[in-house]
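Here come two complexes built around chain A, the first alongside chain B, the second alongside chain C.
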Partner chain A sequence: MDLSFVIAVEVLYAVASLVLISAGLAVVFGMMKVINLAHGEFMMLGGYTTITAVGLGVNVFVAMLVIAPLVVGLVGLIVERLVIRHLYGRLVDTMLATWGLSLVFIGLATMIFGNTTTGISTPIPGFAVGDYQISGYNFFIIVVAAVLVIAMLAVLRGTRAGLIARGTMQRADIAAALGYSPDRIYMATFFCGSALSGLAGAVLAPLVGLVPTSGGAYIAKAFITVIAGGPSLIAGLLSSATSFGVVNQVFTFAISPVIGEVALLVAAVVLLRLMPQGITGRFFKGKL
Partner chain B sequence: MSLNRRDFLGRTAALTTTAMLPTAVFADGTIKLGSILDASGPFDAYGKPMDQAMRMAVAEINEAGGLLGRQVEVTAYDTQSDMALYSQYGQQLTRQDKVDVVHGGILSASREAIRQTMRKTKTLYFYNVLYEGGVCDRNIFINGVTPAQQVEALVPFAMKNSGKKVYILAADYNYGQITARWIQKFVADNGGEVVGTDFFPLDVSDFGSTIAKVQTASPDLVIAPLVGGAHLSFFRQWAAAGMKDKIALASTTLGVGNEHKVLTPEEGNGIMCAYNYSQELNTPENAQFKEKWAAMFDGDQSMHEIAVSHYHGIKTWAEGVRQAGSLDRMAIIEALETGISIMGPGGKVTVDPKTHHAVLDVHLMQMQDQQMKVIETLPQRQPVDTQAVCDLSANPNDNTQYEIQI
Partner chain C sequence: MERSLGKEIIATLIVSALLIWLLPMVIATYTLTVLVIYGMLGLSLGLIWGFGGILCFGQAAFFGLGAYTYAIAAINLGESTVPMLLAVLVPLIFAAVLGALMFYGRLTDVYLGVITLVVTLILFKFVNSTAGPQYVIGNARLGGYNGIPGFQTLNVPGNPDAYIWGDPYFYFCAVALVIVFLLVTWLLRSSFGRVAIGIRENETRMALMGYDVAARKTVLFATGAAIAGLAGALFANWGEIVTPGLFSLGQSAEIIIWCIVGGLGTRLGPVLGAAGLAYLKFVLGQQSLIDNTLITGLILVLFVLFLPKGLVPAVSALWKASFGRARRRPLARQRRKARHG
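And then the complex of A and B:
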């Protein structure tokens, strides 16, 4: 009984961390069609921002939930103004440009923070469930992911800004004809996407040791999740993160961590073979 | 007399140098030491202090008057944590720079990338890093601790402090696999029981399920030959789950790159390990070594296990040259095979003639407030794992890395 609870928490945690890792990319790639190969590096920057801020004496939660998203969002804004805005609609070019960008970020981070692993310890203590001890921080990540999804849903569906953003992504020319500036809207959306990546990096930082190349570990999982999710932003994110999270943890627990990672990739291949348009290309069609 | 352009330039240069240099130096020139290390990139936490250790050892040799009356000159290449560069620079050192000895290589892969080149070109090679054991080649000398030297000491020590049920979490490549087998052997030899073994690819950084799985087996002790930055997360998540005070931890790798200084005291305190070196070793050699290091590198405190092995390696080579009285490769090998010893910051280091590995002290340690406190010293341990498969005095032409069967 205790064990099944622990496993349930681990599965939920795996799903939540996939949601976190992929949320920023879902906005930038899923909505805006910018192949952002620097997504992992945005997360890495979020992590370093948190560690630096905590080192300067800022409360760890403020650093993770406020400062890191803001800083990375601003970095994203600068990147968008300097590079990305010239490349909208040119998929391959955005890919090359952001790949270059990721190398620049890794180089800069190495120069500033050095190449040794750094980190902070998790701010929430673990607790006992029957005979088992589980990490309290896992619950925090589950909560953050849930709040994030609800917030995204609320903004995109409930606010005028969300509506305008969605409309602009679909038909920028019509939005322009209606008097909105697609340039501004793209800029704002990219800011939000970057901020989400920064938040993910920040929240995951206390769990892992951070090096300038840490971003590489996330990029593949983020793309797999977003692509397998398909055209719908939130439904896609949730459905694919759930499928992969469950597959990964069940195999990890039943067999071994190696098989867990392999199972995730096999699941992705099978899924994309059966549903080339992603999960929401077949199910939940037209949902947000 | 026919004189082509190259000969002409060469002779002119030789004449000019003769005129400019004092006779004593001209008679011999310098001794060239080739170094090949990842001084930048993901492995620089290992490589940079190794590079510093090398420079310090060479400076000490030169201050003491050099070798055979000649100064030692370093030709160093930074491989930037890129395996492809090892072959390239290895070739360059032997064919172009024509060095007298090569010290370097960090990962086993980098060692294997250059070992054959060194053998073919008859260049003496020193690899000075803790590794999985089993390399048997007369042209190479190895100073790092091998699994048996370390694990045989660590297992009974850790079991005495915790209990008989052991769970192993290891990195999924040859080092982790082989070390895990040694752990299984020594746990059984000490009357314990291995209740589970899991292997992790080097980029896995989420250990949540594993921690639950370990608890299901409820061992008394977890031994973790985990490697690299991603695996450091395990020690963090273990502490975050509140497991630190429930099940004891030991590691065969944590600390060799000063990882204990990255973990907070809450995460690191109490983890047991066994190495040849710790900054906290209380010996006059170590005090002197640390003082010199800080003076030479601006107060830097990054010396660690692998850097000290590297330092021992260079000092051993120098002693070999001194005793051989020549730079001839075979003469040095034969001199070293007499069982040369040096005293270093990690204690006495002796060349084992049979395997070309080192006989050295292993210290049992426990992490405490970001330090590695020495609890007990086991003197002069033999590399029994490699000795079991390798005998260079019987088979001098051997050229294999044995995968040790246990």
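And then the complex of A and C:
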């Protein structure tokens, strides 16, 4: 009984962290069709921002939930103005340019923070369930991911800004004819996407030690979650994060963490081979 | 056509012979060897990306596979001829299977990139976690993140004690690169190469003309992988150790940057891009003021933004614009004459 509870929490946690890791990329790729290979580095920046802010005496939760998204969002804004906006519609070129950006960020972080691992301790204590110890921070991540998904859904479906954004992504010329500036809307969307990446990086930072290259650990997972999710933003994100999270945890429990990771990647390859349009390209069509 | 191919082969041979003779006077052969090997690796991606339109994010997978195959086989066999062949064959077969899986599934651009990237990651994660004593192939321990050191390096075929190393090894690698380069030239001049370029330009059109697009892409992909595998084996011999770093994303990224900087759709571009950037990295590695990765990244961003065609096409366009005029004018005059009688 206790064990099944622990496993359920671990699976939920795996799904939640995949949702967190991929949310920013899903906004940028799913809506704008821009592949941001610097996504992992945005997360890394979020982590470093949190650690720096905490070092300066800011409350951990303020640093994670407010400062990191804002700072990384601003960095994203600068990146969009300088690089990405010249490359809209050129998928491969964007991919390469953002890859270059990710290297630039790694280089900058190495020069500023050095090549050593830094970290902060998890702000929430763990507790015992029967014979097992559960990290309380896992619950925090599950809650943050749930709130994030609900908020995204609410903004995109319920608000005027969400409607305009979705409309612009579908037909930029019509939106322009109706008097909205696609240029500005793209800019705002990229800001939101980067802010989400920053948030994810900040929230996950206490769990892993940060090094300048730690973005690389996230990018592949985020990438395959979003791509396997397919065209629908939130339905795709949830369905692929759930499938991969479950596969990952089942194999982790059955064999070992490394095999869990490998199983996740193999599942991604198989899934993409069977459904090249992603899960929502076949099921849940037309959902948001 | 035949005559120009002959001319090109002779020109390539003369230029490369000159380079092989002159370069060791400027740069140490130990460094040159690795530049040559990277050139071959760049050529392997330049072939499938520049001429087949297949953007492979995981060329490092084949490079690493070649290196590991060589190391494992060399430990088991204690002689280098068969391991060299295996190092070409294993990536070739692996890529053929992977390519068939992808191309018959009609996966294109982004999805192709993701799958190749993920496969590289799988290999990296797997090899990185094989530190335990239970991971053994024959006599060779896989060694996890420590890699495999101490295998038999290149020797004269049939004589395991006659090692090829130092200056002779540089000449061996350089000649190998020239041979591979000529084979690629020949392949691209053949009807197979023309169809490949056709597929790059418009896949649907080539499919409607009756070509089996998936089969041809698979063959091209596997050819590129074989070249990368050979480069991997040569690299293993040069470094005398193979590590999981060969499979890393960083390695994959670098190969793509070489191709972009050198120029896609040319044979020479990726080779020069690889050797040039690797040398730049070597020079930059000797200072600690500015981080190496930062500069590589900046180069990539700037090239994508301002020179998306790469150096070699840009320089050749400049060359044609400044020196090609003399030849174009008489042609224009002729044309005018023809028109006005």
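Keep this in mind: the second predicted complex is superposed on the first by the 288 of 288 C-alpha atoms of A that agree within 3 Å, B and C clash if a C-alpha of one lies under 4 Å from a C-alpha of the other, contacts with A are read in each partner's own complex, and residues count from 1 in each chain.
By our rule, a contact is a pair of C-beta atoms (placed from the backbone, for glycine too) under 8 Å apart; a residue touches a chain by one contact, two chains touch by 3 or more.
Small disclaimer: the values here were computed from a predicted structure and weren't measured.
Within the superposed three-chain model, A:Leu272 lies in touch with chain C and out of touch with chain B [touch as defined at top].
Touch criterion met: A:Gly126 reaches chain B, while chain C stays clear of it.
When the two complexes are overlaid on their common chain A, residue A:Val208 makes contact with chain B while staying clear of chain C. Contact with chain B, but none with chain C, is seen for A:Ile134 once the two complexes are overlaid on the shared chain. Of the two partner chains, both chain B and chain C are touched by A:Glu261. Using the contact criterion defined above for the overlaid structures, shared-chain residue A:Ala217 touches chain B, although it does not reach chain C. Once the two complexes are overlaid on the shared chain, A:Ala14 sits against chain B while remaining clear of chain C. Note: residues 216, 258, 261 of chain A belong to the chain B contact set and to the chain C contact set alike, using the contact criterion stated above. Every residue of chain C that touches chain A in the complex is listed here, in rising order: 55, 101-102, 105-107, 109-111, 113-115, 117-119, 121-122, 125-126, 129, 249-250, 253, 256-257, 260, 290-302, 304-305, 308. Within the complex formed with chain B, the chain A residues making contact are 3, 6-7, 10, 13-14, 17, 115-122, 124-128, 131-138, 206-211, 213-214, 216-217, 249, 252-253, 256-258, 260-261.
Partner chain A is touched in their complex by these residues of chain B: 40-42, 44-45, 172, 198-201, 203-206, 208-213, 215-216, 218, 229-230, 232-233, 236-237, 239-243, 246, 257-259, 262, 264, 266-267.
Across the interface of their complex, chain C is touched by residues 35, 83, 86-87, 91-93, 95-97, 99-108, 110-111, 216, 219-220, 223-224, 227, 258, 261-262, 265-266, 268-269, 272-273, 276 of chain A.
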